[in-house]
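Below, chain A partners chain B and then partners chain C, in two separate complexes.
Let's look at the complex of A and B:
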């Protein structure tokens, strides 16, 4: 990759920010620059990162999926419940993965069939999926046996399993977005749904597929999370959708759709963990985390906005509704 | 007459829904039309109604305010702390309103003047508000609510809880501003066609700022009312409200794309969700099944409302 190309990458700013953050943290604490800590940062980021890969496609399509946290919760519930009643690991795993894809597909189908804004549709399905999950388990906490812990705590070739999953999803995501027709259609539709329609692109199928991928990512993230937590807890997944969206936005993907970067989203997720890591080193109260995250998010979009204004002085004057929500 | 009624139904798709739910629950439960039950529905939804009014304003301009729910929490906590130290109710009200206004100004400045997207901006301020609410209260209910505030929460005027009257007063005042002032017409124009609004010479920046400011102030008022209603300022009070607030507004038929909607619609939307929750509770339906019904109703209600809006054009 030539230097010129490197500077055009959307993930560059967040990568630089993550690097600076790491340098800062390694000065503050000697414990930061150890292999164990590095591994733990990646493991902690894995759940958000995997979900952010799926969310990237949805946001590039100018959509949004508020229900991912609820899908994650439903998949965890179904997994724990299946494992508890049948004892079959294979059955539990397939039920989990299939249900995740299915719930994502339902989101996509509702959005394209009823033409209701993605935000409202997924807000409604968020409520419904959470209700379904709690109904399934009667709002009980369910422990899962130790053997499935490898999904969250095991390692393969001395790299933790969650990190492997994160790598696999990142590579597949990058490939899908840059090398396949699906990825190019996503960008085209997100850029202008009208032109995409006039060019007879399969808008509905691409949308449904993107939401299904979002569901699949949430399912795999759910399996990692439940293995790491060691059981089902009723608070799992609450507020996670905002963390995932934050990671995607930090990674340089625009909420208005049309362009984005899978690698950026993954680095965004890692960056969020680095912030937590830093706050942890300073013994900050856990309640401060939210404040810092909020600031980081606003500063990130602010920086992005300022660079746009610098490049096109008229940007501020001619803000139009096309920038979306 | 018939035409007027069908027009009304088209205007307020939540109205028949409300009627059906009320008939259904009153036949299924003898307690539904009880005065005490009606009081509790009205009192428990005062906070939601006030916040939903703010959200409706923002929706009318085509924006969104995700921060309103946690602004309720942070203004409640701040007012609670101030009142706990000074025992001064007026100071508490002022604190709640100014904290709300501060968040509203921040949102409005970032969105109106710097052109950031409402979704991300308010997602960020939502986190900040929540973080402040939890750090200041250290995660627990703020103690020391003055007696008059608690009494106010229970007080009735002609059988109607005072906090409900406050929420109706807010609805009426804001409704008046939207329907009868030029500001109201400007924000609807801004929502239906931002470019036209600019070419008309409107100062869209200040207009957007004013709407988020209003939404913040309403969040502050809702925060104070939440103290009166619950007896304490809770840092987590707003956490579960966001979905209900947005749900109520869209169920009423206000469009998220701006320019289409009204506060009457929102009143019906809030009423539908309020009656639904109450009725299902009376019937002993577990809360998780209620979630499913709620979600389905919001989706169906919004898609019907959007269809009717399109049919009108």
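Let's look at the complex of A and C:
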């Protein structure tokens, strides 16, 4: 990759921000620059990062899915309940993954068939999916055996399994977005749905597929999380959708759609984990966590805006035509 | 004259029937719940059992963490003319208006589990003695660590910083730890979220590998602590010289299982049955226009790996 091309990458600002923060943390905390801490950061970021991969496609399509946290909760509930009832790990895994895809597909179908805005649709399904999960579990915590925890706690070739999952999803996501027709269609539809319609692009199918991918990512993230936490808890996934959306936006994906980067979303997720990691390593007062999180996010957004202005000097001026990408 | 007699008899009969109807009118209590999770369900079940014992009907509404929804639900309970309202607030300020309306409608309000800042909008409060609960857990930790010399690092996993029960548990725990002058407490917020607790524990052990003890504001986070300590090769059972002391508050199955297998040292169990019983007893008194005291806190009880079997029946989450 040439330098000129590198400077055009959407993930560059967040990568620079993450790098600067890592340098700062390595100076102030000797524990930061260790292999185990690096591993911890990646493992902690894996759940958000995998969900952010799915969310990237949805946001590029100018959509949003605020039900992903509820999908994660439902999938975790179904997994724990199936495992406890049948004792079959294979059945529980299959039920979890299939249900994640199905719930995502339902979101997509509702959006394209009834032409309701994604925000309202997924707000409604958020409530339904959470309600279904609470009904399924009667709001009880369900432990899962430690033996099946390999998905969240195991390692393969000395690399933690959640990091493998994150890598696999990132690579597939990058490939789908940059090398396939689906990725090109996502960008085109997100840029201008009207033009995409006039060009006879399969808008509905692409939308449904993107939401299904979002559901699948939430399902895999759920399996990692439940394995790591050691069981199902009824608060699981609450507010996670906003962390995921923040990671995607920080990673350079435009909330208005049409452009984005899977790698950026993953780095965004890592960046968010770095903030808490740094605060924990400092033994910071618990009362300053929110202030620091907010402050660092503003700095990251400013870094992003500066890079946009540098690349497009007219970016802050009134736009007369929609930006293509 | 005959007609007059008939009229008097009819009037007396009607009055008697009306009296019987009033006497037999079922007492209905509105239960406005913040959201459903394991301990809240157990607490609500205790309230329902106490109400059933007295023949009261419970109308339960759940806000699922949404303060506006809870506000509307309380207004709906007022419209249904319930005899009393038991409320566990999502956000005390948002529901203030609805609770004022309940006062104007002369419907007594009992806050349970979460105290309300505006004392004019409720008649009584019943909830756990969170300061004492935190203190009991801290006291046991002090006992386990008192023979250690040098600085003793203790990790405290806080609940939510805007939740009074979480704040009070921390207050009680820190009061107890004052008995160990060489203890240094590292407090990290978790928002009651086990995933955050897991990350915080992992990070804290990275920065401070010599942590000797962990206090969890809720014992549902103990499996997360276990995940981290297993990963670090530090999950030694109680009695092992390298054992890391783990205590918490709540009384869930997670804490019970962890203590039973010797990973956790002991847990303070909230006395949910008594909270449920007291809530309904207070509601009954208030409906009968009797005077009651404003604040009622119920202390929990501590169990540890040594007396867990004896105390199983008292642990509301055990065996779930």
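Quick note on the criterion: the second predicted complex is superposed on the first by the 285 of 325 C-alpha atoms of A that agree within 3 Å, B and C clash if a C-alpha of one lies under 4 Å from a C-alpha of the other, contacts with A are read in each partner's own complex, and residues count from 1 in each chain.
Following the convention adopted for this analysis, contacts are C-beta pairs under 8 Å (C-beta built on N, C-alpha and C of every residue); 3 or more make two chains touch, one makes a residue touch a chain.
This one's a predicted model, so the numbers in the text were calculated from it and none came from an experiment.
Enquirer: Name the contact category of A:19: first (chain B only), second (chain C only), both, or neither.
Expert: It touches nothing on chain B or chain C.
Enquirer: Contacts for A:287 in the overlay, against chain B (first) and chain C (second): which applies, first, second, both or neither?
Expert: Both partners, chain B and chain C.
Enquirer: Regarding the shared-chain residue A:114, is it in contact with chain B (first), chain C (second), both, or neither?
Expert: In the superposition, A:114 touches chain B alone.
Enquirer: Who does A:134 touch here: chain B (first), chain C (second), both, or neither?
Expert: both
Enquirer: Can A:233 be said to touch chain B (first), chain C (second), both, or neither?
Expert: In the superposed model, A:233 contacts chain C only, not chain B.
Enquirer: Applying the touch criterion given at the start, work out whether A:44 contacts chain B, chain C, both or neither, answering first, second, both or neither.
Expert: It touches chain C, and chain B stays clear.
Enquirer: Return first, second, both or neither, reflecting whether A:168 touches chain B, chain C, both chains, or no partner chain.
Expert: In the superposition, A:168 touches no partner, neither chain B nor chain C.
Enquirer: Using the superposition on chain A as set up above, list the residues of chain A that contact both chain B and chain C.
Expert: 127, 130-131, 134, 138-139, 285, 287, 289
Enquirer: In their complex, what parts of chain A are in touch with chain B?
Expert: 64, 110, 114-117, 119-121, 123-128, 130-135, 138-139, 242, 245-246, 249, 255-256, 285, 287-295, 297-298, 301-302, 305, 315-316, 319-321, 323-325
Enquirer: Which positions of chain A touch chain C when the two form their complex?
Expert: 29, 31, 34, 36-37, 40, 43-44, 47, 127, 130-131, 134, 138-141, 143, 146, 149, 152-153, 225, 228-231, 233-236, 238, 273, 276-277, 280-283, 285-287, 289
Enquirer: Quick check: in the complex, which residue numbers of chain B touch chain A?
Expert: That would be residues 62-64, 110, 114-121, 123-132, 134-135, 138-139, 193-195, 243, 246-247, 250, 256-258, 286-296, 298-299, 302-303, 306 of chain B.
Enquirer: Considering the complex alone, what residue numbers of chain C touch chain A?
Expert: 36-38, 40-41, 64-65, 158, 161, 186-189, 192-196, 198-200, 202-204, 206-208, 220, 223-224, 226-227, 230-231, 252-254, 257, 317, 320
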